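Each chain carries a letter (A, B, C and D) given by its place in the written order, and its residues are counted from 1.
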């Protein structure tokens, strides 16, 4: 029998992508697509790909609580409250926002707010054992046993997949992350800087050096690498995210160690593909998929390793990874409804 | 047990899209991906979304003949020959090229060549009964019983889906089709006019008035509408095709007749969606899918109807429709492996 | 000595493009850049290409009235009022809006409003002799002597340049115009349907069949061609407009007549270029310029002529043409500050 | 009287952009546009913006030698030979290639070839005094007196403008440059990886870690910063280049020192604009122009400075800077024919 799940905040890009992915899923039944401000609006009015007569549902906690799992796709302020409520009611939760990714201290530092539930903050030393940071390639077992999963941010997903396996080979303090994302990462709301005429043919950095994903990356990078420099850029494409991460190899680490670490980590992963050194991942190869492609190269002159990792920011960077986490948490086949093959060209 | 199928000419966009769609198909096993000039080349070298170790196969007719069905994704010259051979050997064929779409006379007129097998020319009065023009919404029964299916061109698909149901309401000689396609419609080969720097931010018409799809549209438009004017345009997007078709209503036809005809034709179709008058299909809503969205509007001042129909040129306009035809021909669920939901945004 | 001019409504794309064009103009001094709602805002905040310390001015009619010429770049409602005031005060006016393009009757029909000043409506039979419709290639002498010039719309500019010279060769009632524009034509305001993520990779028709430019085209097409069908489309590019216009040749007209008419009209024009039959204009060739490129082809099977004409919607379709009109009206060299060479690639 | 200049290799993007810029230049007469393999081809066939009847000239050294100045827009192999010949004949040369940018040793290291004329290698300690590296903001006086100018590469231009003024504030060995360019930087030749369908919606790194511009940056960065890490990326836009450069501040350097150094360097420059800290340059603001916009931000947590600098790779990164150098070398007003205002939006 299918598991019944619901989405709260379904009118954003993350929610819509999840609706697309769940269409025809063999084991999950999408019972509720709630969106507070868009309740009763036809879904197709916001997302013309989801043609048909369905409308967004109202947010009814009594109905949602009865589901097997609720995906929160709301801003973190709402998620902080709803996540706790569903968790306490025994309803499983996967949260797309930053509400439960950091420690309580980290949340205060990067989001300027005391965390109301340190026990649900996946990055907190006091987090409950059934709370997980939802990067399956690095925390799969904990996700399987979780009741609340904090789905990673798009930039941290790409960065951690790239740097995680080789973190032990890098000098503390040497990490620079230059990341680039398509505009869907900025959300559905119409804003001046997202006007097609302004983005088309243009590239720009933004939010450096204090982008909030910096704290999430630092929290979940293995080892003791210290503070990192993180600069995001807005790229004239709709989907796609590329993280170019730099770090200096420790004295005894070699290029072979880097290659070995990546292959050890990913050769048996269904969604992460290590490309040969000298080839570089292209974001379009992952468009619409839950895949990640990455490769590393070492510059012997500077002893710096450069890792580039590509994902679809709405796929492995958001809704795809949510579904992977939902599958894991509910005991469904991890790859059900997902693919690593992007829509190319 | 899965049906075993093969692709010849798999190194083009049509073949690659079919590979993507067949990944994980519940009833079809893609046994051969042959590409004459790219044999032994890793698939991922041409199509980075299809990561992994697979290489293109050599074209071995003995092997292919033993399959349940062969998809031809070659130029029409090669298809003319291969299609006949497989058909004669009893192997089912779906052909992506123009080789078998017209009548023998039409083929001579538009392709400048005598047709070697009028019995296999789907548009010929002498065509064998197991040869079909592969537009399921208009020729489904014949496709089900076919052994050779001529898959329609991308422009004819969008145009015929838009105009077919209302052809009887239009004045002969009044039809103008202004069509627009993304660049993947021009194929994978690097050419000056497809260089990103030349296409980005640019729009142009091409090949008017003699584009070969004109003849295909005229052959398969129901009724006696006579010669049509057809102008294709190249649009700065990778996928997506929009046909804007104009025709003058006959004296006693009304806007309601137009709406009724479209709804009668499509309300029960899984892949074609009629949008309300006053809304217009967006190509992106169909990206990566086998869907078609269309709508019609009537200008009372001129009595002209304008029908706009959108598809993904590689989906419903090529590989998606191929798979729909393969499913039908092999008796598999028509929608298996296909979706009408595009990757949006 | 330089002529002193001002812009009202300078914070829109038309105004900003004019600022760019006037930078370094040999004979015009841009003394005022007024923008009601953006007064005191740094220009570079809205238009990062116009770096520096300048801010938008307040709208001060006393100051503006003293200038040699005022360009109105406001919505038509404001222009209706301001245009009359400046005209009455003896200040020359070039208006970018639709306020003065039609006849009074036409304005009522297409804009739903009685025209307050039929004497200033360039398309009205009672228009004052010093009021002109600002398409220099067709109304140059009148513009030279004008005190108020109604700058044409972007779609009418491309369409009239293409069809104007051959209108006498076409059957009444046979004209269909399928036009395509980049998104800057929709203005600077952030709107859902202009979000980069929605436009990128997408194409759609809109506002058919009642787009207001239909009335403007009908008013200024020479001859008695009657009502036309006009369908605009939104193309995923920032600038650029292509009009594909169709009409049926009269019984005794020939393809040579079409070619002759176009060459007669444009061979001595500085900004309009007729391309050889069989080649097609690309919008990018005109990006940032005041140029227009066009070509015509005749389909002997249907006796339809297809004319495609390309412009930059912000250049010849807006600010470029404004400057051409300003130059003419003020007796400056017509081409000063303008070029027909686009930024390509 | 106008100076007579010629271009050799005019059929590439650099040459075409220079043709566009020189149209209407007040003091330069473009007498020859030579292109070996495209001689007699209409210019408009390759560059539709340059409409008209002109054809590419043959390469005739006798004719070229008589000009006041020759711009070389050929590959570096041809430039190595031609540059020496013209220089020896007393004809001034500005070379767009890498032929004369490095030292003889550097040329051997990065281009794998012994330099035939170390006296003309601008980066060589033995270079003749009338040979200059053509970055006017850092070598203006030498350019004024030069007879051969090596025009900088696109990536070095953006990087050196950004890092040059603050190089003395950075720790040796700490510099990482993550650069991003539009596709026109890869040249006009049709190649698979430049196909619109492959680039649209995609982003990728390439040529790391051995891209040849690394050596040029290291040669011309002031001070003793040592080897740098340089990673270029291909961005889905036609023009535009953004360099994001990272370096660690020395112990006693401050964020104010960074800001002061940039303002000291550029407040009186006509083409370089320092943006306020916290705002970031957008490439589109410079499209079609010779401008550069840049800004710097310091992360107190890591003591790293991030400088982003944006140019048009064909403007300040190629033909625009060529014209600036030509103006300087010939004693023409430095800004003649150039603008810092890009075509936006």
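The working rule: a contact is a pair of C-beta atoms (placed from the backbone, for glycine too) under 8 Å apart; a residue touches a chain by one contact, two chains touch by 3 or more.
For clarity, every value in this text was computed on a predicted model and none was experimentally measured.
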| item | value |
| --- | --- |
| Chain whose average C-alpha position is farthest from chain B's own | D |
| Pair exhibiting more inter-chain C-beta contacts, A-C or A-B | A-B |
| Distance between chain centroids, defined by C-alpha means - chain A, chain B (Å) | 36 |
| Inter-chain centre distance, chain A versus chain D - centres from mean C-alpha coordinates, in Å | 39 |
| Cα-centroid distance, chain A relative to chain C, in whole angstrom | 46 |
| In chain D, residues with contacts to at least two other chains | 13, 182, 184, 188, 195, 197-198, 200-201, 236-239, 281-282, 284-285, 287, 345 |
| Chain C residues within the chain B interface of the complex | 173, 176, 178, 180, 182, 195, 197-198, 200-206, 208-209, 227-229, 231, 233, 235-240, 242, 244, 246, 280-285, 287, 297-299, 301-302, 304, 306, 308, 310, 345 |
| Residues of chain C that touch chain A when the two form their complex | 13, 182-184, 188, 190-192, 194-201, 236-239 |
| Chain B to chain A touching residues, read off their complex | 13, 16, 20, 23-24, 47-52, 184, 188, 200-201, 238-239, 273, 275, 281-282, 284-289, 291, 293, 339-345 |
